[in-house]
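The same chain A turns up in both complexes below, where it pairs with chain B and then with chain C.
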Partner chain A sequence: MPLSSQAEAGDEQYVLIASLDNVRNISNILKAIQFKDHATFLATSNGIKVTVEDSKCLQANAFIQADIFQEFIIKEDSVMFRVNMTVLLDCLSIFGSSAVPGMTTALRMCYSGYGFPLTLFLEEGGVVTVCKIKTQEPEETLDFDFCSTNVVNKVILQSDSLREAFSELDMTSEVMQITMSPDKPFFRLSTFGNSGSTHCDYPKDSDMMEIFQCTQTQTNRYKISLLKPSTKALALSCKVSVRTDNRGFLSLQYMIRNDDGQICFVEYYCCPDEEMAEEEP
Partner chain B sequence: MKCVVAGSNVKVLGKAVHSLSRIGDELYFEPVESGLALRTVNLSRSAYACFLFNPLFFQQYDAEAPKEDSQFRCKIAMKSVQTIFKSLSTLEKTVEKCRIDLNLERSRLVFQLLCKYGITKTHKLSFQECESLQAVFAKEECVAILKAQPKLLVDTVMNFPATLEEVNVTVTGERVLFRNHLEEEQDITKLMVTEMSLAADEFDHFEAQEDISITFCLKELRGLLSFAESSGLPINIYFNDPGRPVIFSLDDPVLEVNFVLATLSDEDTRPHEHTVSGAKKRCPPQADTANSTFLSDDIDAYMIEMETTGLEEKQELPADMPSCSTERGTHHALDCFQENSGSDTESEEDIPGTPPQKKFRSLFFGSVLSPASRGPDQTLLNQEVLAEASDEDEAPK
Partner chain C sequence: MCTLRLTKEKLFFMLTDKVANGGVSMWSELLQENFFDEFQIEGISLEYNEIYLELAPENLSRALKTAHNAKSVKIKLTKKHCPCITIAVELPSLSSISRVVTHDIPVELISRRLWNDFREPSVPDFDVSIYLPPLKTVKNVLDRMRNLCHVLVLEANMNGEMNLKIDTDLVSVSTHFRDLGNPPFREGTSRHFQGQDQDPESLTEVKVDIRKFQQFLAGQQVNPDKAICNIASKRMIHIILLHEDVSLQYFIPAIL
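Up next is the complex of A and B:
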């Protein structure tokens, strides 16, 4: 769609206006789900949900609640559009991505509706940059049908402990195996690489374990290549909830505290690996 | 075998692995009565390193071999060991104990890190049984012996660019000069030459019977220096004429470290002095291009590695590792020699096409002793140990 057809509109024509004093509060959380180029934005009166998907097997959602924004106006029940994530993040960090103390970039994000570009007004130190990003046809996002009533096992961990395990992942292993069980080993992450296997065990009474609700022993494998992107979210988060449902689907929810102490959530859903090879003890 | 490393010693072990990983791709793991030896050698066999941890280093140490008749030794992929000790700050902050166990039924060497908050990390590594890796060197015979605090050498080496491959050390009179090694074809006008001069009294010990100038790879030395710096142990340096190895060693009641690095032979200036070097003669294809760099291959002559596949059924490496299969081929070749030597009756196993074992051995030792003993088996030696240029990171063998 040529730019000329995405016409400019006045303030009253915008269906969505969201303003924020510190752009890092959303750019950080968007980086946590940046593993594919395109993201679907769905705005409702509660806030904005940004969805990125890969291979129909992995879905990441970032929830930016309305109260994260200093101004949040939505004139329709829901507004949906798709943008290039790389371009969006480049624009958001147009004044530089490193945090300079006492210097923040303010953002006003406006959208006039279907067919219009997403307009970003970025201001830092009296300098205003206007970025217009072409929007794309929104695509249907996957419904993982991950329902809390079907959750079999759930643990909530301090992210620190999991971060370490993920940073040392044996990338020669194709899969990561997650074992959750009411009995030993309780919560175990395993990899099976070229030079042997690695297990990382978390006892249920560990100080790192906030909640341990495992009802039955479950062992599922997930492609490491799919889980790897979630380490971005893990790095930013303070707590993580790991849940599996009766089909073996994995939900990872990350609690992320932004610069202003507000809390946002990023969620990853991942399908289990179908082939369950014979288990290595 | 079984051992437990506790507290801050886990970090020392981790540091040692980091140092070793700068040299070789395989870690030779050898628990003996006198302690746990971790060794490695680089691909071109121009550098060898050994850490010997005394039993007192461990909270618990039991080197008992799983089978009574044989000593257990193995080699493991350096990468996988590195993964275990990847983050030194994590080791320091969270790891309370490290247990190393041998699980013979599953042929796995098990490293278990017991961390804070009850978290345990278990690494089960596959291994290959092998013979001991030894370098032949004699510190006593060295004509120059220096002893320095790690900081002195760290501060000196810090001045060289990180890309510098070789450094030249000259001992003359009461001074030690460190400078970049310049290759003949390098255009001096485009190079920065750094030279540092240290007075003898900066060293804790300074003993040089004659003026000597040696050149060796800096990369391996950096590994040792970072370990020495963190442990605060003084570094002893032993060296001889150019072309003969330089030995860096650290001594501690619970730890002994030796790094043996090849030095460039100095044939242009002192053609007759250097009896050991046979590299030019041994590898004619290289001889034409042989600038002195290639001669660092000389360390071949000092290295002895004996490997065997007599215990091949123990090897349980995944079949999809290409490097294994090629290595096995090598082992077979060596195995013949090993078996021949094992039984004193040499004629028992006469494998066609393979020279008698004794000659093979004498080739190794012989090249250390005298070049004259090198007989018609030169090609064999070339095949087995001849390595590529020492200053490049090679593809896996």
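Up next is the complex of A and C:
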């Protein structure tokens, strides 16, 4: 039996062990960045950062801090591997993905190092599932060099308000234009679709606006296809921070509260659409 | 299409997937007296007082759906344009005269010489007989495993342990159930049971198509009191769902 043989071998073989009482606390966060098949995991003593990228233009990071886990042991400075995200999420939800009151799936995630599979032990109601997911060569993740000192404009909103705006935006539009400015219209989302243009404005003194720090007027366009995956994170989040830097790069940070009331962050970086950038002087 | 066999005491619903040669077959038995106040049957002769017919089960279930709050339901075998099962549903109404809704479901009668094709499926000798865990858990696990792989390996032993496993290039998953219990020898079809002298810890393994194995889970609708799984190594899985009024049997062939 694989279980007993694992127990005999003990935990010495693992370079990373992370245990969690409620698997939903991690599976929900991972779902927020699941838009490509593969994800790169980087574990350090602070926790685990999971990165998913698309077309070298979009990067999503989920941060799962070490204190989210009931047990978090790491024996090297950093541990990095790549796994198939779809497979991982199927494994994590092996006992069902809907929340059943009083029933939680416990998770113990172990990794022995380069070349070894990622081993998951899941337990619910006395039933144990062991998953061994093949790991792949980790790929270098993009460095968007998004530095807070270069941030030009920043707003923090309640997610509800942005969810509403996103659901009303015309998704037939190829791009979404974001205008941030210290003057009117302050914060504007625009689309240009088949049935016309839509603009959605947020006044800076709106109840939904928690922080408004815009220093100069900036208008940038982003591909809707790249922003669309971020709506998964938006749906789960309670607050969102929208920032742009001097190059027009967009950073969306989502604050997500899990079942146990702990806070996690998911971050999306997106390049501006080039055409627009060229028009700028 | 499914076959309905009527006898004086029992009703049988049978499904045999002959076309695929060795497909899934199903056999369910209902005691007539648990369902009907009145029951009359006139078969071919006194000696063979039975009726075999073929019908589309969805027609039957659709017709019976209208009978949800009926005062009474009468089911008859009639001869209209073609042989039909006629379902007369008496529905309550505000006036003193109740409404009657009649459904005719075309059926095909099966002649006497073909009856032998519909005998209770022969049950092979089993290596292991075990109670299944709650079907909802099995369903959840299989739903995920099915996304990852089509072939399920089911292992069980006489020590109440059962494993569901899949293995692909990307991932291997195994779910372990313990303390399930093994039915006593008399129960179900354990007369065929031959695993009595083997080591209770040793696991018997069988491979099946996950989708075929999932089909029996539709049987959780009857909310069975007990679900028994019999395994004939490398041949088949035999599942019996037992309920007060109904018993359902599924025969799922193994993949070699």
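One rule holds for everything that comes next: the second predicted complex is superposed on the first by the 266 of 281 C-alpha atoms of A that agree within 3 Å, B and C clash if a C-alpha of one lies under 4 Å from a C-alpha of the other, contacts with A are read in each partner's own complex, and residues count from 1 in each chain.
FYI, a contact is a pair of C-beta atoms (placed from the backbone, for glycine too) under 8 Å apart; a residue touches a chain by one contact, two chains touch by 3 or more.
Predicted, not measured: the structure shown is a model, and the values here were computed from it.
Undergrad: In the superposed arrangement, which partner chain does A:161 touch: chain B (first), chain C (second), both, or neither?
TA: first
Undergrad: Quick one: is A:201 in contact with chain B, with chain C, with both, or with neither? Answer first, second, both or neither.
TA: Touch partner of A:201: chain B, not chain C.
Undergrad: Look at A:79 in the shared chain and tell me whether it touches chain B only, chain C only, both, or neither; answer first, second, both or neither.
TA: neither
Undergrad: Taking the superposition on A as described, I'd like to know which of chain B and chain C A:18 touches: first, second, both or neither.
TA: A:18 contacts neither chain B nor chain C.
Undergrad: For A:96, is the partner it touches chain B (first), chain C (second), both, or none of the two (neither)?
TA: After superposition on chain A, A:96 lies in contact with chain C alone.
Undergrad: Given the touch rule stated above, what does A:224 touch, chain B (first), chain C (second), both, or neither?
TA: neither
Undergrad: Using the touch definition from the top, say if A:193 reaches chain B (first), chain C (second), both or neither.
TA: first
Undergrad: Can you name the residues of chain A that touch chain B in the complex?
TA: 161, 164-165, 167-168, 170, 193-203, 205-208, 281
Undergrad: State the interface residues of chain C toward chain A in the complex, per the touch definition above.
TA: The touching residues are 133, 137, 140-141, 143-145, 147-148, 169-179.
Undergrad: So in the complex, the part of chain A that touches chain C is made up of which residues?
TA: It is residues 1-3, 84, 86-87, 90-91, 93-96, 124-134 of chain A that touch chain C.
Undergrad: Sort out for me which residues of chain B touch chain A in the complex.
TA: Contact set of chain B toward chain A: 76-77, 79-80, 83, 86-87, 90, 94, 106, 108, 117-126, 317-318, 320-321.
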